[in-house]
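Got a structure for you, questions after.
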């Protein structure tokens, strides 16, 4: 079975028109709702499902489109309404297609906002909608400010709830208002910042939450490729304190998805962090949905790419395609049962 | 003939989903387009036309939904693309329904931005699309900063182009990010600021541009009702300088639409500024599209309301419903001829 | 008996020279005092009284000149000293002319400052000086920042004390440092913001303080004139929640003074909110103290203007000129007794 | 003859009430004027003259009260109107009492504002009112920002005009909004900054304007007392570049007034900079107008204090009391002649 | 015996290279240490000691070079590490040369930071290293912000600890990022602000901490020279409240060092505050280490300068050179005993 | 021959103590100089040379330690002095060891500063010191602001001078004051931003300067590893405009050094961009100077690591170790000749 843990919901334009209205009115029109008919919803879902069928994905975990999450907008109420509307659309698609989708919720994160709102929305989505995970944006300022990094105690209540509910987070930033970086480049920057802060020796996150599971999008940003730099730093720290774990060991406290879109990088990722720490993800349809004019292949059709990596054993592939997902998303089967 | 000079386009959600995408991507996906099919476009137009037919409006001037114009967003390119997309949808509806609609363009205004972009878009819309007027937002900062007021020379290149092309502006602010005011309350504040600054003795706008026509939305904000305050101030200024014109005279350099939604206020407006300065406007469908549960009437069905004001002469009504519009929107007939 | 609830103290230049000194020294010279002799004080009072006699006002409630209150200046001590000096001058004039004046105190409001200082000054003025009301400035930032709106719990301790003491507030902003608005235009903006926030469905102010009395200056800003806009919004809210009260009902939870300076607007005000909610006010001498060169009348001589509105009954006039004031300013007679 | 070059005008409260009105209205009431009657003006002048007579001052140069000059307020127009009103009151007193007063003008300085306004007001005061000097505020931000220091070319147009007209400047800051310093302490800080920047080796002011005369208020701030610190620095600079002038030589490019209020400090000043560089000043009435309870003497009665310094020669005294003033204020006699 | 209470440590470049590394790495390399060999340390100490021997100083109190203390840098950890490294170098030199040096610690002050860190470092230095005093920087923002002044309760925990440990503070600012003032000029400004705020009538510092000893660097900034200004202000305050102490009395609650570099200023200081309040200080080697090319003397060779002031009695000199230091630095002898 | 194009100068602590002094004094002490003796200089150089010998590097291009460059400090003069001091130390070492070192200069970049200063320093270093290249910091704000990206015309004068002189730039950021990123992590972020902006279709840099050579440090940041993401974006852009070059082609307009510290990443880099675009670099001694405790090897001993990559041909190795450097650093041999 092929489980794609990094997908984003395909919704009809009504959902995004609803967002445009929230932004324009700043909430003055009240919460309202996207008003999506069952027919329009199903049209969007079917387009999505056809793509998954075309590439052999059996089950996809779908979350809100991250770059649409507008965490830095005000007032807080429109961020919350918007995130909830996204999660509700996802829940609806999951209910409509229980054999195809599982839900991963967005959280109503805001710059420096009370994390309680996120804890509550996570609980709502898991308990009421049987969601199996959440997105975690390390930068709700969207490139305009300075959030506490992921090792900060600011995030602990959310981590505690994740552990309690048995759901992992997929680290994924949203939009970016810093004109030097596109949102897409900011993804990589923020993932790298996330990994480095979670792995640094000062971080107490995994000591405090041994059962916490965190997946880094897009193969871990820059960190696997730049690993020598961080190993060297850790070796110097170990000279002063030999009890410290190696940087590679720290790196393997996290998980990584395979949203990398080319064989060389995937091969590299598996070598650097090990298939025990990699989960199949494609974001299909999404950033990788482009056809290589030379080969005619879609870049986000990653299953054959992974299968073409000769040195991967059957067990390696099983881990990447299914086993690791089942291990850290225990609610995958729970969710199946409740429908 | 009943001409409603204050209408906003009815577009399908695809248009606003396009806006949501521009905001989320900050332009990274390129300009793109809303991708609205002819069928979806016509659905939206027909809903709108049925409303106009129901209230007896023959011709409506349609502009972008002001609160959706996002003038304060960055980068400038997405503001421009978005405004142009709105204007293009309007042009399409006007071409599809030449007996029903005329176009009034939004302008790519930005906080402190070069006004040239606005001049160019105005020219494009008038020359290529036969638009008859434009919206003018006195506060492209959307409640977050301090724009030069409308008497400032900053605006002169736009005024010069308006005069050259023979098109008036409808003063209308857009969204509002100041949490103390909804966008709807900010409309009234900004209209009042516009009137007071254009009418103050220091303003040289109408001396410089004697043929400039400016229409103030929503019956002139607070100014007609608070007129005594401004008369008193002018009387004191006249004591020092008897050559100054009376405040009421200044007030009648501007035009006012009838978007007020109740008989008493409309009666009051006509008395205060005279029917020579009033133009029929309803914003239907829009802010006034609500049914009074006691009477069952829609609040923006203003034709019967105006007709019920006993003291208005036939000539008064003709002025309000048609003649004034024809006088200051000379391109109304030009536009008709070109199709 | 004619009671004018909106008057401001006439003080000799010594008072304002004292303010200039506080601002220049930022308090370094200590609190000091304006040093106004009884003679100079009485000169100013007599000029004022002659004006009231000339227009038939029997009793006027006098407060500090709002535009002079400098709530946004620092340090807080000079704001406090200045407000207290104003209140003390008012108390002195009231003691000197108990048949002519009652005191309405200014409050030492500062941007985001602790409201306790205001509660204490209110108590001092009412208990020691027999004042009958207070001014309430919704924007102590004077156009430079973002204060909590009047429905915010920030203001509750003051409301509680007002109810306890049985004194109403006259909503009235002070100066304005925003260059787009004069202080006079800012009055109207802030009154409108005050009404809309106190009347919105989210506000719990009158549920929490059923006996609270709030008077809006200058006939309610723009709201009575723009009422259709707010009715429409409420009708839409009522569709979702029919239990909500009508907007006109919300509007009648507040009171309005008659400081409008022209018959049409006064007529309009009485029609829109009812004479039960209107109190005679003139601000004489003040913003309306200008002579209409055509009629020779002073604009703030409002008694004959109101009397000339034919449809007002005897009871209507009694309410406006006296009864409403006696009802919501119960200390009017208490104060008389204590002299 | 005793010439006191550092006096400030005594004006009736009407002048400062005018300022309070400008600040409250931000100019909305127009320029207006203080409306001071000849009688009230003369009352104030007589009080002032009696003080001068009491201490043996023959002629005093009077300027606006510096701490009242409000250079940091906005809009620029009220700063200008206020400065001009002060200068006009001074001109009036000088015309009324030509044997007693000469005018020193304030300048309409603003934070970073165009220095042209100051050049023009200086010219107006000298040419129309026969003023003999000007005040120069090194910090029109009044403790809130970072102005170019006095060696910056920003100030050159003013220096050029001073030289052209033959008038010196008295360096004197105004109010201070920095809560750590009173305006009085800020005087000393700014004078010290002025001296150090004008004297530093990088300054080209006196090379560029060899005929420029600058007087530092209050005995030069801290610099004469702290002179060792600056000598040491210069000695080190001279090691690298022996052509540099000694710091004491730089110091003697400037002039200093005697507004110090105690014999020891005056004695010290004369020793450190030489009587050739000192001008009699008292600021009477002003900061020093306090009676020492032990001696009964007013602190600003400085003539006997200076006369009590035994080592001063007759020539020294003549220089301090009269000759230096006549030398650097050449218009002192011109002014006398024009009356 | 000659005790110089104002000296700064002479350290080899390794110490400052360590600082440069902390600033460049912002602490990423960990705390590390300057890595100064005993040989390099002793070289620096010997150069310093030879200077002291040359001028007849028996014992010098050495603290970190103030302008190097970088209190305004971030993160807080590098400020703390740097201050501690300085203190540790000082402790090392004091241990190496117990007959020559006593330690005065820098404190890890930061803009608005928790004062607890300073209390702890003070305790560490006194208890572990037998330090005898501390530096106190009134402006850890280094010219970029607004710290509470020294009379503010913010500083009370530090004052309490100083009293408990029996150590005084030397008030001394550090660097200055305000481009209008050099760090050296900022010293004088901040010392003046310190004196004026500690001496003002509102300050409760010495009422709360009667045993607190505070020494002002560089002869008290501008205050002794400008004393007339402050006396006058106090005389006026005393008129209102005769119980207030005289300003000179307030001034004598503090102590002053002799770091003035010229005889006239030293003579002046002794006259103004009395030798009971003066402590010998030279900052040798430091700002005064420059040779007067005319006399050939080093400016910081102050012992002969003071001895040349004829009116000083033997007791005066003893107080300045030794007795006052022993009185307010009681740990001078304690420290001696512990070695 | 092995040429290491990415080395940084080893200087004695005197150099960094000089920096600490500049920062503490903000330039008040004048330019001064580090005062490094020939002996201390040679000590540092010999330590460095021994390391190079140990790893088989024949020639190293040395530049200032980037994280020490303090581009964001003020005033501009201390940045300039500091950069020049670094370049002068480098020139000295190159003159002392012409067979071992070539100079690469730092530039006096400042946030938004005039690029002319950089152009001049580049010219000075190349013409006077025979330097062969320069460092280019894309973020002189050091994580605190928003510089124009490297495709902006802001940089064109520098590019023009680089082409004129025939020297390439090594893109390398300096320190980082953003607390979410260490300087080391900021290197990677800024290199990625540099690559993406130089490679984007809107950039005209290489069209304008076909002979410009830019080397990206540390193997290109994250871009080679994340290449699929950028290919996909370009494929979509090519759908609209087939004339656009492929992203991989854009990527090969730049050069990349080998400062990656592990075989897997180096192997990956060579595969992704081709050995034609890679230059040997080690930064030895520097960030990679740490010993792997398992293997005992230093991480920055990269020659054997590269040699161990089996699939590299002799030509590949020659290109990486020498040929590419000779091609884009044409002054390598010129410099050799001039000694």
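Think of it as A, B, C, D, E and F in the order they're written, each chain with its own count starting at 1.
By our rule, contacts are C-beta pairs under 8 Å (C-beta built on N, C-alpha and C of every residue); 3 or more make two chains touch, one makes a residue touch a chain.
Only a predicted model underlies this, so the values are computations on that prediction, with no experimental measurement involved.
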Given over half shared residue numbers means same and under half means different, the chain D/chain E interface is same
Quick note, more Cb pairs in contact for A-B or A-F? It is A-F
Here the gap between chain B and chain F, centre to centre from mean Cα coordinates and rounded to Å, is 56
So, in whole Å, the Cα centroid of chain B is separated from that of chain C by 34
Distance in whole angstrom between the CA centres of chain E and chain F is 44
Multi-chain touching residues of chain C, meaning two or more other chains, are 179, 182, 184
Chain F contacts chain E in the complex at 12-17, 19-21, 23-26, 28, 65, 67-68, 70, 74-75, 175-177, 179, 182-184
Contacts from chain E onto chain D in the complex sit at residues 146-147, 149, 178-182, 184-185, 188-189, 192-193, 196-197, 218-219, 221-222, 224-229, 231-233, 235-236, 238-239, 260-262, 264-265, 268, 271-272, 287-293, 299-300
